[in-house]
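The next block holds one structure in the form of structure tokens; read it before the comments.
Chain IDs A, B, C, D, E and F follow the sequence of writing; residue 1 opens each chain.
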Amino acid sequence: MTAVSQRVGVPLETRLAVEDFLVDEALLLDDRRFDEWFELFTDDLVYQAPVRVTAKRGHEEIVDTIFHFDESKQSLGLRVRRLGTDVAWAEDPPSVTRHYVSNVRVTQADAPGELVVRAYVLLYRSRGDRGLHDMISYVRWDVLRPSGSSFQIARRRAVLDQAVLGTKNLAIFL
Amino acid sequence: MNIFSSADPAERLLASVQPEAAKIPAHIHTDPEIYRLEMKRVFGRVWLFVAHESEIPERGNWVVRDMGEQNVIVSRGEDGQLRVFLNSCRHRGMKLACEDRGTGKSWRCPYHGFTYNNSGNFVGAPYQREAYPEGIDREGLQLIEARCESYAGLVFATFNANAEPLDDFLGELRWYLDILVGRAEFEVVGVPQRWIVPTAWKLPAENFASDAYHTVTTHAFLAKLGLVKGVDFGKIGYHVVPAGGHGLGIGTQEEGPWYPAELRAEYESRLSLDQLALMDRIKNFHGNVFPNMSFLIPNVIEIAGKRVTGMTIRQWQPIAPDQIQALSWHLVEKNAPDWWKELGRKTYVQTFGSSGMFEQDDTENWELQTRNSLSSLSFDEPVLLDYRMGMGGVPMTDFAGPGEVYEGKYSEAAARGFYRRWLDLMLAEK
Amino acid sequence: MNIFSSADPAERLLASVQPEAAKIPAHIHTDPEIYRLEMKRVFGRVWLFVAHESEIPERGNWVVRDMGEQNVIVSRGEDGQLRVFLNSCRHRGMKLACEDRGTGKSWRCPYHGFTYNNSGNFVGAPYQREAYPEGIDREGLQLIEARCESYAGLVFATFNANAEPLDDFLGELRWYLDILVGRAEFEVVGVPQRWIVPTAWKLPAENFASDAYHTVTTHAFLAKLGLVKGVDFGKIGYHVVPAGGHGLGIGTQEEGPWYPAELRAEYESRLSLDQLALMDRIKNFHGNVFPNMSFLIPNVIEIAGKRVTGMTIRQWQPIAPDQIQALSWHLVEKNAPDWWKELGRKTYVQTFGSSGMFEQDDTENWELQTRNSLSSLSFDEPVLLDYRMGMGGVPMTDFAGPGEVYEGKYSEAAARGFYRRWLDLMLAEK
Amino acid sequence: MTAVSQRVGVPLETRLAVEDFLVDEALLLDDRRFDEWFELFTDDLVYQAPVRVTAKRGHEEIVDTIFHFDESKQSLGLRVRRLGTDVAWAEDPPSVTRHYVSNVRVTQADAPGELVVRAYVLLYRSRGDRGLHDMISYVRWDVLRPSGSSFQIARRRAVLDQAVLGTKNLAIFL
Amino acid sequence: MNIFSSADPAERLLASVQPEAAKIPAHIHTDPEIYRLEMKRVFGRVWLFVAHESEIPERGNWVVRDMGEQNVIVSRGEDGQLRVFLNSCRHRGMKLACEDRGTGKSWRCPYHGFTYNNSGNFVGAPYQREAYPEGIDREGLQLIEARCESYAGLVFATFNANAEPLDDFLGELRWYLDILVGRAEFEVVGVPQRWIVPTAWKLPAENFASDAYHTVTTHAFLAKLGLVKGVDFGKIGYHVVPAGGHGLGIGTQEEGPWYPAELRAEYESRLSLDQLALMDRIKNFHGNVFPNMSFLIPNVIEIAGKRVTGMTIRQWQPIAPDQIQALSWHLVEKNAPDWWKELGRKTYVQTFGSSGMFEQDDTENWELQTRNSLSSLSFDEPVLLDYRMGMGGVPMTDFAGPGEVYEGKYSEAAARGFYRRWLDLMLAEK
Amino acid sequence: MTAVSQRVGVPLETRLAVEDFLVDEALLLDDRRFDEWFELFTDDLVYQAPVRVTAKRGHEEIVDTIFHFDESKQSLGLRVRRLGTDVAWAEDPPSVTRHYVSNVRVTQADAPGELVVRAYVLLYRSRGDRGLHDMISYVRWDVLRPSGSSFQIARRRAVLDQAVLGTKNLAIFL
């Protein structure tokens, strides 16, 4: 992970534009406008969520050989297309989700023009008719590329904060 | 007669569970008393899957798992032998291993420092002489050990001293497990994904053991997206009912093998001709090792012109009457080419496991069946579920593999066998 | 004698619940065993409110509701008839309707695709012939149906084949329900608000049935804010105890009717002179249909010089011994002028329902009574609650309506009647 | 809802001023300074929280004919005055609340000078003596009008993320 | 024999709990039936700590506490007398006091306004005459009162009318409580910290009563950070087993007293020479008043060259079989110099209480013991925990204090005594 | 507490720099880089978390004579050093934490150059192998001093939102 110190600042406008971008992305997900959401990713997308294990301090906590998500633009597209059918039972009726994005930090990536964006995401998912909900917490590392007046996401790495996930499935996006 | 009025849950079962009549009362899935009884009479009696050997390849390696409600350490000793210990200190019951996995010659309890080697022997405690003037009872402090045996790399354990040998427990299923995980040297990719599913544990088990039929409806998206031709991709093949409550379904295709040619030689060296012939026709392959370990070669799908699949084994670990911890492992042939390993992993993650497109739909069904099962408790008469599918079908006589085998995958015969075994165990006093 | 020592919860009840002596043990609200028994002997026996007819006006309309612990579909068939089905597929118990409401001729199960029309008949399944070589048992796969009857637009259902007709069940209460929802054509505004309240279900039920007295203290803010004159706005009127465990309270005023003159004609066409005379004197009107449906015309208050109120019916749906799902409907006269509909809705939302200023205070009481009830379980002797209010009062002889009627609203007679009916049901073997 | 695309930016100062305004409003609520909070609303206020239903994808999820809150300035005032009395039992002792405001997006409204402000709000409510809490999640659409050096709220629409609310009552404000 | 097969939990206990043999079955910590029985037979029978007198110094002061599952008000009446009332209105069981503490002459129920003075007498209700035409039963509406006695500023209560006097209940322990809280006038600093710990209540109780041995391992950081010399800081001293299930451990040092000289005179005026001599040698001092009140003078540590400690008493309030509410009070000598009060408070917060560096490690152990205890329920035979430490040791004959006293702190004798008392209570019918 | 009104604004750069500082501090905590985190505090640090009680409206809710944390730089250092040992069992394996920082408000302190920073913090703590988590909610008042290109924390006051904490211990930092 980017050490806190070795960070290069970005122009104020960029920073705020990125924050707007993340907020708008969250709305697309929470409004379930998946087709529009899908457009936010570059064709060479790598979208991964590695698996966490409970380990002693100083030992490997994140296993990077197996994933909860391990997506290319193509495979992500398949998931989005599936949700477009009328037989995607898992999310029909859909969960109500709310992606709370905070602790955003924008820095220059090594590749010119690219940005590294770190954010904390608290994902609220309402469940069933008993007033219950799940809370899915994770930290996200994105690589953004300028695209027109906005950005596209070229890399997404979401590290979930549980070794055993407290939600019935990941039929939603991180 | 109000079968719920009987105080003894076993009696209630006898009166209402009728596997041969294909009638199973919904309440057995979530009745708390039945659950408590299951923990003893089912999970306390039979062999339970705990790990794949590749997870603890080296001496000193260990992983922490659950056997029913018992938390255990699955360990490879200094002598290379696999052992399973209750993860509970013999002093006052603190956990010895608090992390998921590790490597070492011994465990030191964090509470008072009692130490045990990985053969389960007590090896010491701080200030032993002062604390135990009469000397400490080393033998009495041996870790509580379960019997541990493995088959084709699958490690099983049981706390039942009188259980039959693992080979007998698996019985006819072994011929099929050979194909599943015996055809080559397999390795677990990374670690199992784990997540909590609000379902009773038997629902996913019966689904993998016996339910090819649901794919038409539940996984209809597959055809919708043109990943398979027709919704009946789960229809052609065999429905297999080995003795002992296990069950499996084998989907077949005739376009020949889809696995990498590089692996052919290894398969040949490990499978009989019959097994190999079947392997080459596999299109999907799912089943359940009684009670709660399932396996799957997901239906081969076409992605970017390639025929791919990503194999998984999983465990439906009960943690409450209406809740399980799902563990889902991805396995791949150790000697497979990298492109296959990469493709297999991506396909697995996309189809099954925590975010799998198939798994999502399944979990939804199980959750709502569980909800309805809960409510059925308040009827006077049980709400009976229907398992008559495939009744009247005639077993094949010319099939190469053992067990009761039916042509065509649409049947609930294996589910009937599952509940028969379950009922026998539930009614048996020790 | 330790009444808790008895193994049989019914025996424990017999020994401690004394409605006529006005002593009710606190533990009955949260004792898990009593709750399980209630689900069968109370909610499994009597008529339960499930919907208002205006919620499913068209053929094919349906809503999903709970009857005790059973999840059901309340549907208007193609023949216009109302039917109530267990929301559970006859195959393996998946929910047929996963959403709150809908319209259609049939339900298709998401698990294996079994399909049922809205008369409850099984109409087909995928690949039926292959899956059921001996043919499929269409009759055996009929949806489990509850009896369904309605009164004055209120739809009730029961799974008890031997229950008396709804008219007999409601009995003397009908005269008052005529006034409540029979005086005009009513419609549900939108959908019920729903939320989870940490209370035992009987506490809100007894409160609506019998408790006018709490308004002095619990809702004292009303007087404080000058919305009514004096804290005793709940005192003048009648306390009514119809047979069968129902109960209601009718607050009266003499300033004449507050409802829109436009509605007068419709009222006249539907009410008797006695009923109409009472209607014109109503100031507030609350009650409970045994066991868990309550109704209310909130105390008329003055807002911006106008006398307003917003009517509601609600259900206290038990989901655990110490938890309910509250459903709160707002109803209004279909033919009322828009300004009245607007005003009624706003007044309802402000006074009752999820954010209602009255409801808030009530939920607080019920939650803490529930907490204390839990703790009373660990005493040897039951903690007895006191229901003696109004004892010794003499029923009126000149009141137009049926049932035992008392002058003045401060009484717990209706609560005593509620617990008598409840105890009779709890002690009755089927 | 405002489509993500058709949004008109606002000056940086405005944007930050709005964020400050929302943060200060949250503090007034969480400090239970309801009289001061009440001052933040215009006289023509419309404050509504519609009811959600569980529906199949593509079907109506929000029922706009009945509400959890359906307030005018006058009726909201009545609620505030009630909390000022010593007999508002429901919230005495009061819940401890914390309104976490994030995913803020500020855009120009059609009416000149007015702003449309979208925000996600995660409302923490601590309950009882058992270490429990409720989490109430909703998205909020406000219309803000400049007022002196700050703003006033003319419209508030709060869409809760549960069809069955997991909190014992809404004796608190959204 | 399957001890779990017995329906009667008491029988199960008799068959498996063997304090003298130092074998305690793990399941007793979390078996729900045993928990229910404990609430009656242990928490319903013995004296329970409810407050320190300094928490309610003035007439009219009161605090709300729990006694087992009962919520109570601990109050100082207008006559200065301490009384304990069930925090439940005699009308319909609403809580009278909804806040943690207060001051006043009476409580008015928020539901219907019944009012009680702080001697527990009913003093009135709104519109009493209208509501109770036959008059209201003032005597019958007295608050349910527990017996209340105090010792050395520690206030105890019990709902058991037949309990022995508090002095007899504390018995030999009193000599040590004199040292703990009798040596000076103490006051609670602020209020108790409260938090929820996922542990069975007996685990922390036995730890404080009897477990000096765990410090070597669990609190090893102390030595690592050089705050003490050597890991065996918990070894030297005395292990004390007073009659009645209480227990304590006294660590000693010979460098003389560490408390402020200013307090010496007060100590002398309140302690015997023997007690004073022991006080001057104290290095740490921990124990448990049966069943669930613990006390502690944490091991004196060196911070910035000063020898400091911060005293605490705590209660392990069961709220579920596997969950407690921990209450942790910090006490200090009222007449101590400010620098000592400041230092003591900071040291307390750093070492114990919600964020205490010691407490953290302890909670971890208790949580995981509890988890393992839960799982032990599904074995046929109980998983037996080992309490043999110190067996064969010979009690001292020349120790000044009462009770069975052992030289050296490493022993589980007090734990054995704890479980003997517990078992006797659990097996005793009233 | 600082009244909402009597607040003095700060330059935009300062405000954003403070937000970055808080976000980076959260990451240090959640990455368990405690030694680096410890460097963020001044030598005269006062770090306190008072205890809350359930009280009637208008009565004292916060007891400022006893604390959940009552730290100086020295005592905080002791806690950090402890976590550096291999025998800090309580947090080994460690909880996974996520400090969600929002509702940030930066104002001038009375002391020249010092800043008063108010923030809401929602602390997610993942627990055990059952998919459970704790949510610890609190409001934080910091006093920041400029230090080099960044800041140091001279005062921290964290007021927890529960009278009875719903987490097994505070072996983590606020």
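What we mean here is this: a contact is a pair of C-beta atoms (placed from the backbone, for glycine too) under 8 Å apart; a residue touches a chain by one contact, two chains touch by 3 or more.
Note that the structure is a prediction, hence the values are computed from the model and not measured.
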In contact with subunit A and subunit F alike are the chains B, D
In the contact graph of chains, the distance from subunit D to subunit F in steps is 1
Of all chains, the one whose CA centroid lies most distant from that of subunit D is B
When contact pairs are matched by residue number, over half of those of B-F recur among A-B, C-D or D-E in D-E
The larger set of C-beta contacts, choosing between D-E and C-D, lies at C-D
Between subunit E and subunit F, the Cα-mean centres are separated in Å by 32
CA centroids of subunit C and subunit F: separation to the nearest Å works out as 48
When centres are defined as mean Cα positions, the distance from subunit A to subunit C in whole Å is 45
So subunit C residues touching two or more other chains come to 98-99, 110, 194-196, 217-218, 325, 361, 364-365, 371
Residue numbers in subunit F touching two or more further chains are 12, 54-56, 88-89, 91-93, 100, 102, 122, 128-131, 135, 163-167
All chain pairs satisfying the touch rule are A-B, A-C, A-D, A-F, B-C, B-E, B-F, C-D, C-E, D-E, D-F, E-F
In their shared complex, subunit F is touched by residues of subunit E numbered 98-102, 189-191, 193-198, 217-218, 220-221, 224-225, 227, 303-304, 325, 330, 345-346, 349-350, 353-355, 357, 359-361, 363-365, 367, 371
Subunit D residues touching subunit E in their complex are 89, 92-93, 129-131
Listed in rising order, subunit E residues that touch subunit C in their complex are 36, 39-40, 43-44, 68-71, 86-88, 90-95, 98, 108-113, 126-127, 130-134, 137, 140-141, 144, 159, 430
In the complex, the residues of subunit D that touch subunit C are 49, 51, 53-56, 59, 63-72, 74-75, 78-79, 81-82, 85, 87-91, 128, 163-171
Within their complex, subunit B touches subunit F through residues 98-99, 110, 194-196, 319, 325
